[in-house]
């Protein structure tokens, strides 16, 4: 995609509040944005390093819990006589704590599974997410367990005009999500289009060969895990301050599945894939709502997923790219040669 | 180890030493007590019957497998316990017996991955996309094109590696290894699957590599090639070294003939 | 002491049911390499079929279980035929995504058909538990244990000893070469998936009456089943069975002596620990490089 | 016995074989040579049913097998020893050999045949319980050859049987192949080791970029200057 | 046009059975109101039903949708104490009242949320009502097995307090995850304890598992269940002897209509229920939805407008004849922002030889 198109998209997104009036549409847009950020972060692991993290929601949830706890304040009785007290902190500070803590967890999972690949990596990540969920469920003194952390301060708290009403708070949330999304996109883009990204792709394509030419695969896997986890944690923090309640069900598998669907249907290992997947699967439920029972709605969702896989097994973005390339080829033989090869190098790794 | 005596005394520096190496898989002894050396700038061939332990030796030297016993050292540095990428950093780069490329990447990107060790931009520089990073990328891309031309794959640079013909993939593997700037190149049956004409061309390439002052340790069953390019030949049988010497001598060695060469089809 | 014995006995019984879950998935995930998220739905399906036949239609309980298993096999075959047969040679994520789709569809269909309200299935076993010394176990669980052991031994024999089992392993190790050996590839795919599905339905049919039956009952079951298969080492029946028992033992003792809330957490911690030490499970396949 | 008549094959959209024709008579030993990527392996895959051709016709003993399943073709007596070993990596050596006679009904002869393979390649006998994937490259190749012969085929297709074999094993393998050929098994062999292949065979074909460009007796080929220069590594 | 009332109930997940019955009851009340001509002089009421999936975040999300998307004027919800607490900030944020039909934790009304009106009894009220039976049972020591949320923990607290006040010692307090299906580890511990009575607090689904698994472990002691959502008739039917020697604290006992506070309303409700073909065992739970919607409709009428704030103010003035007695709200909780709490009746049902009975006090 060329730079102009990218800027046009950004400009379009920035102007959304000018014409969107309905509160509920904002809600849908914000939630979609949050999960799209999650999907982007998952794509770094799944699409580029080839490691399927099916416990990705752990990082999302850890971000959500960390940011909530720091902004709400908490105390931990460490010994009989000593209690560790954290006073409520500003939301922006809590947000950075969330980035750091989830990034650390990413580091931990990366280290933990440094020798573990493929299906085994999948299970380590699922297990990690389950352990974290169960801790959130049972460490009631800290997390309130199944009672949920409630009344989490909204993202904009402290900024007076934003606290005024529900609508302006939504606008604030929207821009927050947009900003975090853009930064995340940029980080991921720069990483994957560099030497670092090549090392990650090498790990995915042929690990032994990568090692033999001097790629420290563990290092890049850990790096990808940290980045991916921190971005997922940011999405989780946005989520917590937006919905203002978190309970251990933020760790539910279905959220990971949602992100996986977005990535794979959009096209894993492409930068635009998660965005396209996020758009489709974030809005789809809302388009079908009201016309059918929720269950039927989900059935349609599942069926659509299957159809996408059948007809566009690499995902939507690579399919469009290929279609575009063929079209151009027909139109202009010589112009095609350079652009398709550049396009392939930058965008589709498979 | 009397056979070591046959090694010609040279003024060359010994770079790789393998000392009393043993590798066991459970009860199975793949290598037992093997010792040999490679000198700087030499082309040494490691030959031996199927299952003799050649690939296993490569796996140990390149850090993919832990030795049961024995020491591997390169330029005085002990390699045991190092990870493969650290060994590559030390200048030892290997290829694989089973064809091994990044099949879903373009040929030029394969080389770019091979050039990994030559880049040094930090994460922060990468994220900020500093001019240095841009310059380095450009330089790497030029280096990659140069390597492709060197092995004769320049015209294929935008193909997917997986779509290349077999012989071309074998060449690409060597090119990827060369990109990693080895001082010692370990090649595991690089000419396997090439027809005699292609093998001949490859032999010339090996000569060029030698002229670049890269030491080569070669595993190969193609005797024409082995006898043609090697300065010295080490013969492994049942995990033991049974001969070590110049090609002409090895060809006459009755034990080698019995265990390995046979008296087979003359052009094999 | 009695408490310990009771925990050990509970673990044994629970382990047999975990093992049963594990071996079904070993066929589909361990051998076929299909990350089958719909596995839990076949489990749920088995349970609902027993409910349908034994509670709603008044069919004999044991017969209902047999019917449920047969229907599970048929449903599995159908899934394979409709969804997977056109994805031969597709990579593992692709089939995974399709099975996630199937999972979502099936679970919501169950929700529509049976509603979200849990169902309970009575079992025709004596109410008084079997008590020896201070420990007791319900007859229903003894029954489950016996059937599970039977199915586990049967599956192990099938895979290791029979011609069909060897053909299955060969097919999923190298499809083209297997067809050169004269193996009917499509038949093997169908049979393997159907058998795995049948075992999942069997697990549901046996466990549904012990617990309760609801559309989401498969969700945790499927995660545990994956964990068990991995714990044992992919594709290893014996490993999966043993993995099931180990998991149950750790969970039960952890719950009994450390904290019941962390019961499931101990199991998952165990898996992480095992994989850190043995990255390819308890019974790893030997691989080689180069 | 085998007639390949103008077959065309493609992978996706790429045409690989363009009207390849060849024939193999009963008891013959035919070699197929050509450069990398010429389509030799593809021809064998078309015959054994792995990659049914999109055009043309293949008949075996008078029966049309162009679109028959691999299983049917095997049952008719054609075995294919594929390129690149292709052993079942997690099955033992013995199980791999058993798979070779999967379709055979006379299981009682199986162990005799297996012993014959072990006699020929004692190293496989020593490793009968080892997982095939952990064998060395050459050992795997020997196993693949042994496995192809387990079905007692009438016609066996060898795809580069000498690949990765040490000289002594190359010699043993070629002797083995000639021996089974003498005993009545028809052989169609693809070899990069062109000189040896041409010396051994009765007749041969040269395949170049998707079609047969030359056909003739083995020794005639050896003396063809084009063949010498392009395939035998001889300067002419 | 119609007036929309939001229903926020668990229709799937661990406590779906009760939530479904309560929703059924709510539908009956809406039907009854509409048949009588609706509210505000002829406007029909329409229920907008959202599934909270037995989960607090989902409950908050459901409230969000009901208010911002469907623009309901009042809500009923959200079954569990935890779910209700999760919804409560939304009520303040948007200014919409909610009638709480089931939740029993004291936190619901002590939080200082002036949009909350509870018609369910608190655990404290339950404990007090049950306290009269304690001397008769000669309880010496009691264990607790409760669901790990506000409801279960609250119940363990309140009942523990009440027992201690009567000189009974409290042994183990074991918790279980709301979705747990295997509680044999907890039960194995309880089996080893020397208490004579076991208090169990959880939803029906888990309760039936507890009974089954306790029986399987050979636990045979007096068991008391709390919370009002136990379907004792189903327990007796499904579990046979396994449920004997158990007592269940309920807020409506349809099997003994003579004991009901408002027999006429109760009779009408039972009639409608049976006519609609709903599951009979849902009667003892469905009444809460019925009463809640009746209360909301009354408040709308009293408010004279469909404005949420006016409805809130009107709720303070309602006096409704409900299935379980008269509904009238007292001010409780934080001064200045009080919540409403009515005073419903509490019943204890015994299962004896597989049959339901009213124990003699």
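Each chain carries a letter (A, B, C, D and E) given by its place in the written order, and its residues are counted from 1.
Rule of thumb we're sticking to: a residue touches a chain if its C-beta (ideal position, glycine included) is under 8 Å from a C-beta of that chain, and two chains touch if they have at least 3 such contacts.
Owing to the predicted nature of the structure, the values given are computational and were not obtained by experimental measurement.
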item: Given chain A and chain B, the chains that contact each of them; value: C
item: Contact-graph distance - origin chain D, target chain E; value: 2
item: Selected interface, A-E versus B-D, where C-beta contact pairs are more numerous; value: B-D
item: Centroid comparison with chain C (C-alpha atoms), farthest chain; value: B
item: Approximate Å spacing (C-alpha centroids) for the pair chain A, chain E; value: 39
item: Gap in Å, rounded to a whole number, between the CA centres of chain C and chain B; value: 47
item: Between chain A and chain C, centroid-to-centroid distance (C-alpha), Å; value: 31
item: Euclidean distance of C-alpha centroids - chain C vs chain D, Å; value: 42
item: Chain B residues counted as touching two or more neighbouring chains; value: 25, 55-56, 64, 96-98
item: Per-residue overlap in chain A, given as positions that touch at least 2 other chains; value: 137-138, 208
item: Residues of chain C engaged with two or more neighbouring chains; value: 111, 261, 286, 289-290
item: Set of all touching chain pairs, with the criterion as stated earlier; value: A-B, A-C, A-E, B-C, B-D, C-D, C-E
item: Residues of chain B that touch chain D when the two form their complex; value: 25, 28, 47-52, 55-56, 97-98, 165-168, 189, 192-200, 221, 223-224, 259-265, 267-268
item: Interfacial residue positions of chain E with respect to chain C in the complex; value: 10-13, 16-17, 20, 51, 148, 174-177, 179, 181-186, 188-189, 191-192, 205, 208-209, 212, 215-218, 238, 240-242
item: Chain E-touching residues of chain A, taken from the complex the two chains share; value: 23-24, 27, 137-138, 140, 145-148, 150-151, 166, 243-247, 249-250, 294
item: Of chain D, residues touching chain C in the complex; value: 48-50, 69-71, 74-75, 79-80, 82, 86-91, 95, 98-100, 102-103, 131, 133-134, 147, 151
item: In the complex with chain A, residue positions of chain B that touch it; value: 62-64, 83-86, 88-89, 93-96, 100-106, 108-109, 112-114, 116-117, 119, 121, 123, 126-127, 129, 133, 136-137, 140, 158, 176-177, 179-180
